[in-house]
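First up is the structure itself, then whatever we jot down about it.
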Amino acid sequence: MSVKLVYFAWVRERIGKGEEEIELPDSVVTARDLLHHLKTLGEEYENALQYPEVIRVAVNQEHVEHSEKIAGAREIGIFPPMTGG
Amino acid sequence: MSVKLVYFAWVRERIGKGEEEIELPDSVVTARDLLHHLKTLGEEYENALQYPEVIRVAVNQEHVEHSEKIAGAREIGIFPPMTGG
Amino acid sequence: MSVVPTIRVQSRDFDLQEEISALTAGRRDIGAVVTFTGLCRDEQGALSALELEHYPGMAEAEMQRIGRLALERFSLMGLTAIHRYGKILPGENIVLVIAASPHRQAAFDGANFVMDFLKTSAPFWKKEHAQDGTARDWVAAKDADDTARDKWR
Amino acid sequence: MSVVPTIRVQSRDFDLQEEISALTAGRRDIGAVVTFTGLCRDEQGALSALELEHYPGMAEAEMQRIGRLALERFSLMGLTAIHRYGKILPGENIVLVIAASPHRQAAFDGANFVMDFLKTSAPFWKKEHAQDGTARDWVAAKDADDTARDKWR
């Protein structure tokens, strides 16, 4: 499965890009699987996603729990807790 | 003791005037005494102060309880519960 | 820092933006401004106007007292309260409260507190005028307003 | 009556009076309007600016979702939420929420609710710029914001 990933705030800064299209192995089923897979892609990912439990994930621009499946995702957002308002 | 009384809203309408200077007998000590004394002054007062427990009293422009003494009052306001805001 | 509330009782309308600017101009330490505007409703067309009566002198004094309580209790950086009197038409403003603070909850609470106490202790009374031009009745005080005030105890 | 929230994400400033007028113009059934304005504080002179980043598309969608929840939950007659992005200087506006309702508590609650959820679920992030021109750090999310949100459960 190929999916567009978009990064924000310090996740974006640490990974060093705002978005990318990547190919996911079949073993990646949930949002949590995705975060752990990304951590294997290099030091910058490891650095950005060191504490995956604090990272927020949105599938097709809607928040999802880490336990949710990401099948059918066209775009997945990965970012720190929000600090707007 | 002579004191200026000021009336507002339906208390003013029922008594038929906005203010008056009256002489109080020595038996009038508290705000409650004052309301009961006023009720004896005529039908319009009786009508305005029929239920004295709902009437609010202010001495020198500060709210007082009915049990408070009114000695030293220059101006006493008598009015229904407030409905501003 | 000694902040005093801005209090006004007036028959003319107020300008919200002007009052906010007066409170916040030149400041860089305010993080939150909450405003409350109370307006005259037409009660599904039944009401043609409200007549607001007040106790001159005491109205201002009570609003000052309430404003000072709010400034202290919520550590506000600024507070404005303006109440109109006289004839007010549906859609027109009756009352304005502005609370400024570093953080949002204090600003919300400060404005809410002032409104709850204005309703129950500032000497203002509303009389309704019906659509046909005849005077209707004085608005009755609501138990719900006392309950709202008592939540701050 | 189907009311929809007015939602905008923009870099330019907003005008409070203009937004209120858009919400209330021509209406005679609104009794209470509460506005919340969030501003950039200079943190005792340490801060020269905030940089607001957002997730385009999702930011608007989340604000719409929050706005609809508030309209329904508090039976509001109107709701506006505007959030800025980009560089914002101390004293400048960041966010505006307006809630209109027949009665005061619903307007207070509606605006407060929207702010609590904007803080915790709308995809915006603040980065602080120090007075000496160097970038400071990303603002950390506060547990207190989650607690504030959870009071609505």
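Just so it is clear, A, B, C and D label the chains in written order, and each chain counts residues from 1 on its own.
The rule is simple: contacts are C-beta pairs under 8 Å (C-beta built on N, C-alpha and C of every residue); 3 or more make two chains touch, one makes a residue touch a chain.
Note that the coordinates shown come from a computational prediction; the quantities given were computed from them, not determined experimentally.
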Co-neighbours of chain A and chain C resolve to D
Taking each chain's centre as the mean of its CA atoms, chain A sits from chain B at a distance in Å of 72
Per the C-alpha means, the centres of chain C and chain D lie apart by a whole-Å value of 23
Distance between the CA centroids of chain A and chain D (whole Å) is 26
Touching at least 2 other chains, the residues of chain B are 85
For chain C, residue numbers touching 2 or more other chains are 38, 104, 115
Chain pairs that touch, by label, are A-D, B-C, C-D
Chain C partner, complex, touching residues on chain B are 6, 8-10, 58, 61-63, 77, 79-85
The residues of chain C that touch chain D in their complex are 15-17, 20, 24, 26-42, 44, 90-91, 102, 104-105, 107-108, 111-112, 115, 148
Given the complex, residues on chain D that touch chain A span 38, 52-55, 57-58, 61-62, 83, 94-95, 115, 118-127, 138-141, 145
